[in-house]
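There's a structure below that I have some questions on.
Chain naming follows the written order as A, B, C and D, and within any one chain the residues start at number 1.
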Amino acid sequence: MKRQRPPIIGVMGGGDVDETTAESAYELGTLIARNGWVLLNGGRNAGVMQASAKGAAAAGGLTIGILPDDHKGRASEFIRIPILTGMGHARNIINILSSDVVVACAGGAGTISEIAIAVKQSKPLILLNFMINDMVGENVAKGRVFSVRTPAQAIAKIRTILNIPG
Amino acid sequence: MKRQRPPIIGVMGGGDVDETTAESAYELGTLIARNGWVLLNGGRNAGVMQASAKGAAAAGGLTIGILPDDHKGRASEFIRIPILTGMGHARNIINILSSDVVVACAGGAGTISEIAIAVKQSKPLILLNFMINDMVGENVAKGRVFSVRTPAQAIAKIRTILNIPG
Amino acid sequence: MKRQRPPIIGVMGGGDVDETTAESAYELGTLIARNGWVLLNGGRNAGVMQASAKGAAAAGGLTIGILPDDHKGRASEFIRIPILTGMGHARNIINILSSDVVVACAGGAGTISEIAIAVKQSKPLILLNFMINDMVGENVAKGRVFSVRTPAQAIAKIRTILNIPG
Amino acid sequence: MKRQRPPIIGVMGGGDVDETTAESAYELGTLIARNGWVLLNGGRNAGVMQASAKGAAAAGGLTIGILPDDHKGRASEFIRIPILTGMGHARNIINILSSDVVVACAGGAGTISEIAIAVKQSKPLILLNFMINDMVGENVAKGRVFSVRTPAQAIAKIRTILNIPG
């Protein structure tokens, strides 16, 4: 009856991204689902949100989307549980707070606001091919922010953070 | 790969309730899970939240809790997916917006605020042994608010609202 | 340089009200301003929000509007300081938290949600010609909720709550 | 009765800053007040919030603080109108949305999250001795983000943005 909760992996990233970033997000979603983890993202049918949800759904994973809207009109069809906040950008804070580990794919100012909140909250944060400098350098040194090049490396880092034996 | 989303049934109610209300909430949670629906509530380990999550978890259902806190300290152990908002009472709005149907068990001012938001949003609303008069009468007449006495009656009403054949 | 803060009086009420309620809200706003208090409301150019802001502005008072929108398009022209939340109904919680005393004029479900939050927060609450029964009776007995018939009576009650000598 | 609204200048910046940054924020607050503008910030009695509010109050200006808390315990005594959100970091979005122009003094991840939201919202943004690179460069080129060295330069830039003749 009582079950241990599955880790929730938050995948952040832009709503308008290039093909390479989208493919990487899809692969990341697939690997998250294969590990039995829950994928959480911003829920919209665009960019990294759409691609990562599609990848996780393809692998049979549970997908949670925290939407800025008060309706499901822009929810990705690969999001199984749409959480409607009606709060616009304020939902970015919920994305970060609810994730056990955050992976940030490439994005714009919205993604950077989520990275900033993750740093502010000392949340484990993995940058996947997203080179940013401000505020991050010091936290890399402290071992709270990690920079990786591939989805597989992101997964390996998540396993380390979650203390899952290799 | 693409799957139809399961209905999300929001169960509202007090954090400090009598035994009868808690038993009713437990049974309601069980029946929601048996129907294959997702249970969503305020997520805390108290009152209707705890009882309904426990019932749903006992029947193997998926339970989502929208918490007022920015940490999991007060989350019910029967909530599988804790969504941390860090927004206090503002999370009540998310509870209502995210539910396809709302069932309100007995509660206090917090529950009434959620009923009020449900009425404001014209969300299908079922009152389970919770007699309130203000704002509700007119909406009962319009067929948007329903009053029932047992969890089984609540389930039957949800099935009607969701257009599920008996 | 350092000045004592003026009391903030929150005026809640419907966005679509009858002439009598609007006139009462206008008079209430006027009296709040004449007492040197700040008027805070939901900020829109409709109903009790528009009327109370107009009354306060006519008497030279400071008016703060907590808007649901992320733009000023629906802000009352009598609101001097529009606070844009972009959070929809979640701004109702801010209305209540930010007010030292809350006066609820007649309204619908939105106003009742604000009354419920005020009761939940044990915020001093005055009902101005708004008869509601649920959740309020017990708090009237505890001396936290007051029912009055005229704006002048509301002001007298606010002065008592704020410990201002008559 | 109807008066034109005063511009609202949002001043962002860290809660824990060096003496030079605090002095600069104090001077900025003073100049904002002398121009007849309203100062809006995060409201706490620390860092740039405290210093800018103190400066504006010293010059007789109106100061609005959007607090993360649901109580006034950490509000700066130089904030005349404390808006209590009870929403933690989500109040950062309100800070940006409510400001006509945003000035970012030096700060950490919290300030960067506000800069990111300002960029996302295409809000006029002035960086006062705060060198950040990510997401900003492109917007400097588009003439939406400006970098200045002194409070007086920030004021001159605000006047240009607000179309106020020199």
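Here is the rule we use: a contact is a pair of C-beta atoms (placed from the backbone, for glycine too) under 8 Å apart; a residue touches a chain by one contact, two chains touch by 3 or more.
It should be emphasised that the depicted structure is a prediction, and the values quoted were computed from it without experimental measurement.
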Taking shared numbers over all numbers used, above half giving same and below half different, the chain B and chain C interface sides are same
A CA-based fit of chain A to chain D gives a rotation angle in degrees, as a multiple of 5, equal to 180
Note: chain C sits from chain B at a C-alpha centroid distance in Å of 30
Chain-centre distance (mean CA atoms) for chain A and chain B, in whole Å, is 28
Chain B residues touching 2+ other chains are 70, 86-90, 93, 121
Contact graph of the chains (line, ring, star, complete, other): complete
Listed in rising order, the residues of chain C that touch chain D in the complex are 1-3, 5-6, 8, 38, 54, 57-58, 62, 64, 66, 70, 77-87, 90, 93-94, 97-98, 121
In their shared complex, chain A is touched by residues of chain D numbered 87-90, 93, 108-110, 112-113, 116-117, 119-121, 132-135
Within their complex, chain B touches chain D through residues 70, 86-90
